[in-house]
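Once you scroll down, you'll see the structures, which are given as structure tokens.
Shared chain: chain A. Partners: chain B in the first complex, chain C in the second.
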Partner chain A sequence: MAAISPTMLDVVDIDNTIETPGRRSELVTRNSSYAEITDSVCYAAESPHPPLAWYVAFAISTSLTMMLGLMVTYLLFTGIGVWGNNSPVFWAWDIVNFVFWVGIGHAGTLISAILFLFRQNWRTSINRAAEAMTIFAVVCAGMFPTIHVGRIWVIYYLIPYGPNQHAIWPQFRSPLLWDVFAVSTYATVSLLFWYMGMIPDLATFRDRATTRWKYNLYGLLSLGWTGSARHWHRYERAYLLLAALATPLVLSVHTVVSFDFATSQIPGWHTTIFPPYFVAGAIFGGFGMVVTLLVPARALFGLEHLITLRHMENMNKVILATGTIVGYAYAMEFFIAWYGGNPYEQFAFTNRMFGPYAWAYWTMIACNVISPQVFWFKKCRTSPLVMWIVSIFVNIGMWFERFVIVVISLSRDYLPSSWGYYSPTWVDILTLIGSFGLFTTLFLLFCRFLPIVAMAEVKGVVHQHNHAVGHHEHDAAH
Partner chain B sequence: MSHALTPEHSTTGSHAQAGSWKEHQTLGALAGKIWLPALITGVAGLVVAAGAAAVTGGLRQFLFAYLTAFMYVLSFTLGSMLFVLVQHLTRAGWGVVIRRMQELIASAVLPLSVLFLPILVAVLMGNGEVYPWNNPAFVADHPLVQAKASYLNSGWFTVRAVAYFAIWIVITRFLLRNSLKQDQTPDPSITIKLEERSGPLIFLFALSCTFAAIDWMMSLAPEWYSTIFGVYYFAGSMVGSFALLNLLIILLQKPAGLLSPISVEHRHDTGKLMFGFTCFWAYIGFSQYMLIWYANIPEETLWFQARQNGGWEYVSLVLIFGHFFIPALLLLRRQFKRSKVQLAFVSVWLLVMHYVDLYWLIYPQFAPSPVFGLVEIGALVGLVGLFVAALVKAAGQHSLLPLNDPRLDESLKFHNI
Partner chain C sequence: MTSTPHDEASPGTAEAAVRGVAPAADPKQPVAYVLAEYSTPEALVKAARQVYQQGYTKFDAHSPFPIHGIDDAMGIKFTHLPWFTFFAGGLGIITATLLIYYTNKEWYPYLISGKPLFSIPSAAPVMFELMVLFAAITTLLGMLALNRLPLFTHPLFQSTRFQRVTNDKFFLSIDARDPKYKSEKTIQLLTGLGAEYVETCHKEASAPLPWAFRTAVFLGLLLAMVPVSMVAWKRSTYSREPRIRVIFDMVSQPKKKTQTTSTLWQDGRAMRPWVEGTIAKGELKADDAFYRGLKPGGLNAVAATTVSMTNLVANQDGAAAAAATPGAPATPPDPLDKLPWIEDFPLEVTPELMKRGQERYNIYCATCHGLGGVGNGLVTIRAIELAEGTWVPPVTFHSEGLRKQPIGRMFHSISNGVRKMPGYGDQIPERDRWAILLYVRALQKSKFAPLSDVPPEKVNQLTDVAP
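And then the complex of A and B:
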């Protein structure tokens, strides 16, 4: 399935998942030189045609995106009634999808900001793709509440720019408004971080451009980067500052999203562990999606020596850790529901487990808590097939987690006479599928037109490693 | 960031003669000089506390003061234990030189398990003055507490306490024993074993730490509940343990000339971690308060109501500013992490604030207004004294730095970029 790339010929992979204490394993295998790294990353964008699988995937995902367009148009022209949202479940798949997508984005920010501050050099091979994924996930996320407001033509009322125009202020006490600020800040900083980090690599694309329009386009995007010492100095300062600024954002966005639920008094929504639990869940889901995307992408574009099994294994460890944290939060919620002695809270939890939506609850538990446990075994952590399957389970599980929280709690609250059972309509289902189409389309375009691996950063890590183990052949380049 | 070599940096850079520092890294005669005075101070503190309590608040006050001081010293061992496990799990290289200190702090949990006996015995003897769920008259009046009697009862409380200490003792023994073994033989398989087991051990640690916090502190207000409570105690413990670590390193470096391989670069990092956990503590504390305040459900707000009235509101404000805004703003500055004097200042500050935090968690269940006198000071001095004595005993004549860790070299060479 792999396309032939220049770096794949007659080189044997080193198993860099083994680490002898005292000697750091290579982060990039096949003893890649700087030129090889540049060649293999640029190959995805410079080859005259992308692999056939790319065309197939692109055809499918753009079709789904067009379907999404149709669904949104239908919704806007007809009304929210085309969805299944109805009393008592006024928040349903739209909010489930919003929280799902915004959570996916967290892996990118965690990798680019927190792992950077923790000096986790392995992040350099995956940060670019994860950051791109973050942006695309936030695009999908932002769409759902936007179209859910119903009268989308007055959505700008959310912006608090003065009552003289609207004769009304937004409700500052509502966490939904805080979401507007949290998500838009997050989108802005993530986009800046992603773009700024890409500037040196865009300049490489510019320098290697073979056509005039490519040269101009990449030239425009690379902001006149020359690679001078001063440029690098500014760049690294800016990177460090953005990382420090983005770190609180990793926590703040999903914290505010959790406030949407936890500030209320709905049983199953109001619990104090929600903020850190949502953040851990978001990182879990985000890494799940990164693995889902990178397992095929690294094979398709011949990047297995840059995005190595060690990178994949590390991500699987993060999935195991965060999945277990999520399991801890489920257990703690459940324990305190009993311990607190509130009968409504207790009912909310037995209803989750044994009520009409028990299937959703147990799907969530199986996917989120049980399936990642296979990653205790190295064989599973390093098998692309196993990790891909588990990552799909994680995606499913995290979608169901939000479904469990949003729909089950709303469907049966304090008053049994107003209980109900929510069912999605075909519009709900096709809109969700369409959002995956939009996400995949954007990601495929990114793979084809932008540097999928942060070349400059990977080279820095290769240099450090060679330096540490005493190979100095690259020093001439400095 | 400039990385000009400080004089100190260049001395640690000269690890070519690594053998030279390795010989002088035990407490040596210092151990004898500290141990006995610490022990005497400890015992004297407890005697003063007991005597003062006999005059004022009686056994109830003594037990509250004792519990607060106990949770304080216990938190140092828990925070250190977790961080050693995390270092193994992540195959960390930079922190090898600080690891032994944390292993030693953590292993003080063994003597602390004995010091938990006063509380355990009081509970077993039916004392219901500290934990109201142990008081039949209180339980009879409170149906919510009756409903959880299957969890909150003296027998099951004891079994759990024994289990928590068993877990912590097993973890700390395992970490320290293997680490000391590596001092003798530079065997990388020891490191691999530590790395492999730290994952499941963190899992056990998380559960035991959470439920210990629930049992020993949350159940003081037996009707109140918060799912984040365990995380809150954990966050404070991390702040406290890093503050203690920084202070100990600086104290041992200056007059005793020990720990010379721990450079400004390592202290910079432990300072960053202290900063990070200070922010994490604030985040967890804010999450807990914000959600309870906003939802405004009486059964939850009653706990904060006790902390917002009768003078406790000032303690709450001291925490917000003293445990978060002031130290976080100071620690943002690079200088405050790198200068010994400034880092020691913030560490002492945070050690005080960490006690205030636990006092604020526990003491409003004792009295509607803050009480702080000889009983509390005596208990604090007593347990800190005994803790220091335990620490010195644990350190014994062991090296205060790992001598043969395969990643020692990486740690010695480490510098911030």
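And then the complex of A and C:
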């Protein structure tokens, strides 16, 4: 099903998953020239027709997006009652979905900013797609609290709005308001970071444009980039600064999201482990989504020599590590519930395991803690099929983690007289499915119209690598 | 394994694609740039270093990716951009601090559980986020501004070869405005430095942007002003029209409210009167003595005062306070004095009730009235320390008036409040209110008990303490 660009027909790829002591493995698996990298990446946007699979996926995703539009319209014109939210579970799938999507978004910034600061050059092949995924996940995430407020036409009350007629102001001691600032800052900074990283590649698209329409559009977006060394100097400095700003930002966002729960007094929410545990879970889930998207995308657009098995393997290692951290956090929550001696807390955790929602809890454990353990085996880490299946399990597991935290804790708190059992309505279910449609629609459009791989960065890394190898040989000659 | 220059005939490369799309060169215009092409980054760095050493200042190197070492070769000074980021971050923190301080402490103070209106820990998340937001936006805009971007036209864009600068070729451009620039010599210099190809780019003849584009931008800006000016106009004028409601059924609901008319009933009123003889759930409290501290039938006496029972709070600041001020007008007679209050407890008095009363008193009453009932509770002491002008100190229970006050009247005070004290009827059940009163009676007795009330075997101990 893979579409093959004409430049890569008779090439044998290097296996860069083999570890050779004392030698860095290749970041791209072909002796690619700069032009070959450009051609491969531009092929997705320049080929007259995308592969058939793209059309099929796009048809399905746009239909789901339209369904999402209908669901949101129905919700807004009827009221929150169309959802299953009711006493005692007032935060249900809307907040579950919000936390799920905003968590997905974390992998993008982690790859683009944190790995950049740590000089992990392998990030260059995957950071663009991961950042795009971040933006689209944050779009989906932002939608849920927005429609959850019910009266969306007065949503501007959340903003400290200057000339306000009602003379009331948002309450800055509430973690929900911190969330408004954290998520909107995160969305803005991710967008800036993504866009800035794309400027040189948009200039490539401009310079290869075949129609005036494309030339003007990409020309507008690339802001007249000429690849000037003086520009590159400031550009690189700006990129480093943005990475340094985005790194604490990405850690702060899910920390603030976890404060929504941790600062309340609901048993099962009121725990200090939440910030680090949420951040680890977000990275885990985000990497899961990156793998889910990149396994088909690299095959579909013939990018397997740029987004190599080594890249996928590295991501699987991150999934294994963060999945195990998440498993540790689950165990530690239980330990503290027992060790802390608070009977409500103890009940909350026993109830998670053996209560009416035990099925959700054990689904979460199976998907998040057990399924990534197959990545201890190299065969599984380097098999696209296995990693794709596991990554989907990770997505399911991370959704259930938020369900377990939000719904189970609320459904049974202090007073047995006010316990309840939450069930979603059809609107809840279709809205969640529709949000996946929106996400994949945006991602498919991105694959077709924007550079999927950061060409300029990959070329720079290839140049550095060649340079380093050259020096090495030179030194050996002495 | 150095990269090889790409084959000219490779499909999809710039020259094949863009001919006819990019702006055309006009050789009649004066020369703006001399452009030299190199195929490796190393050759470009070498050439750039030579040009810099020759004393050229208005020249630039162009490459598909940043080349390390070229800054030094070209004498590029370190950018000021980090300072932009630093100050913008600081501005973000200041903005957040002022925003939170003024909105939450000065303009809209809202006290929650006595927590401070402004404190650093609760402000820290927003301060951090605005720091990052301001710094990030400034970094991007600062980078663009220092680079003089966006730039929608440039003489170099006329060169079809230059289109490969974003693909696989490396270029050096020298501006014709450079003081060292001399047409022939400069071209010779670049050729001598291993350039694969040297050409000249001319100044643009035509307008930099297409006419349609400029019109579209202008119209777009004009249209963008429409909603802004409409909002500004609506905000500065008055209107007799009803408000526009996007979703109207939340404000105008299909239901009848009080004080409205209805055609459904003969009397035309929307609100239905109370049906004779019905009692609302939880409202059946027939025992006047237990629930209200009144003698049987006392409610009729209340009805005669034309005030409802719960409104009978003695809310003037105390007869004692008024009497203490010389020249104050005589206190109007308290309507409560005339009511038939009960003098005895309407329930069985037991040691358990006394214990219960002591416990409840210490929970609910002692904070103001003090453990001994003289009015020296912690709240009172604190209020006096702070010199709170509106504070009315609680009277001592050991005054003559209160010791003689009917127990029913005191019950009324607990239930409905007196002076500044709020009613506790909603918080303390009736039985507990009576228990508290029993304990208050015990406290009163403790200060004014005659010696005959003290058991004979303890009289000696008393004289030791108070001779």
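Here, the second predicted complex is superposed on the first by the 466 of 478 C-alpha atoms of A that agree within 3 Å, B and C clash if a C-alpha of one lies under 4 Å from a C-alpha of the other, contacts with A are read in each partner's own complex, and residues count from 1 in each chain.
The rule is short, and it goes like this: a residue touches a chain if its C-beta (ideal position, glycine included) is under 8 Å from a C-beta of that chain, and two chains touch if they have at least 3 such contacts.
Everything numeric in this text was worked out from a predicted model, so none of it was measured.
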Simultaneous placement of chain C and chain B on chain A, clash or fit: fit
Where the C-alpha centre of chain A sits as vertex, the angle toward chain B and chain C in the overlay (nearest 10 degrees): 80
Touching partner for A:Trp376 - first (chain B), second (chain C), both, neither: first
First (chain B), second (chain C), both or neither touched by A:Thr271: first
Partner chain(s) touched by A:Trp225 [first = chain B, second = chain C, both, neither]: second
Partner chain in contact with A:Gly460 - chain B first, chain C second, else both or neither: second
Superposed model, chain A: greater residue contact from chain B or chain C: C
Which superposed partner A:Tyr339 touches (first chain B, second chain C, both, neither): first
Contacts of A:His233 with chain B and chain C, given as first, second, both or neither: second
Chain C versus chain B - closest C-alpha approach in the superposed model, Å: 7
Residues of chain A at both interfaces, chain B in one complex, chain C in the other: 248, 259
Residue ranges of chain C in contact with chain A within the complex: 1-7, 10-14, 17-18, 21-22, 41, 48, 60-68, 70-71, 74, 76, 79, 81-82, 85, 89, 99-100, 103-104, 107-108, 110, 112, 115, 122-123, 125-126, 128-130, 132-133, 135-137, 139-140, 142-144, 146-147, 149-154, 156-157, 163-168, 171, 210, 213, 235, 246-247, 250
Touching residues (chain side chain A, partner chain B) in the complex: 19-24, 119, 240, 248, 251, 255, 259, 262-265, 270-276, 324, 328-329, 332-333, 336, 338-342, 376, 468
Chain A partner contacts - residues on chain B that touch it in the complex: 1, 91, 93-94, 144, 147-148, 151, 188, 191-192, 195, 199, 203, 206-207, 210, 214, 223, 225-231, 279, 283-284, 287-288, 290-292, 294-295, 297, 299, 405-407, 409-410
Of all residues in chain A, those that touch chain C in their complex: 6-7, 31-36, 38-39, 42-43, 46, 76-77, 151, 153, 160, 163, 167-173, 175, 177-178, 181-182, 185, 188-189, 192-193, 195-196, 200-201, 203-204, 206-212, 215-216, 219-220, 223-238, 241-242, 245-246, 248-249, 252, 256, 259, 455-457, 459-460, 462-464, 466, 469-470
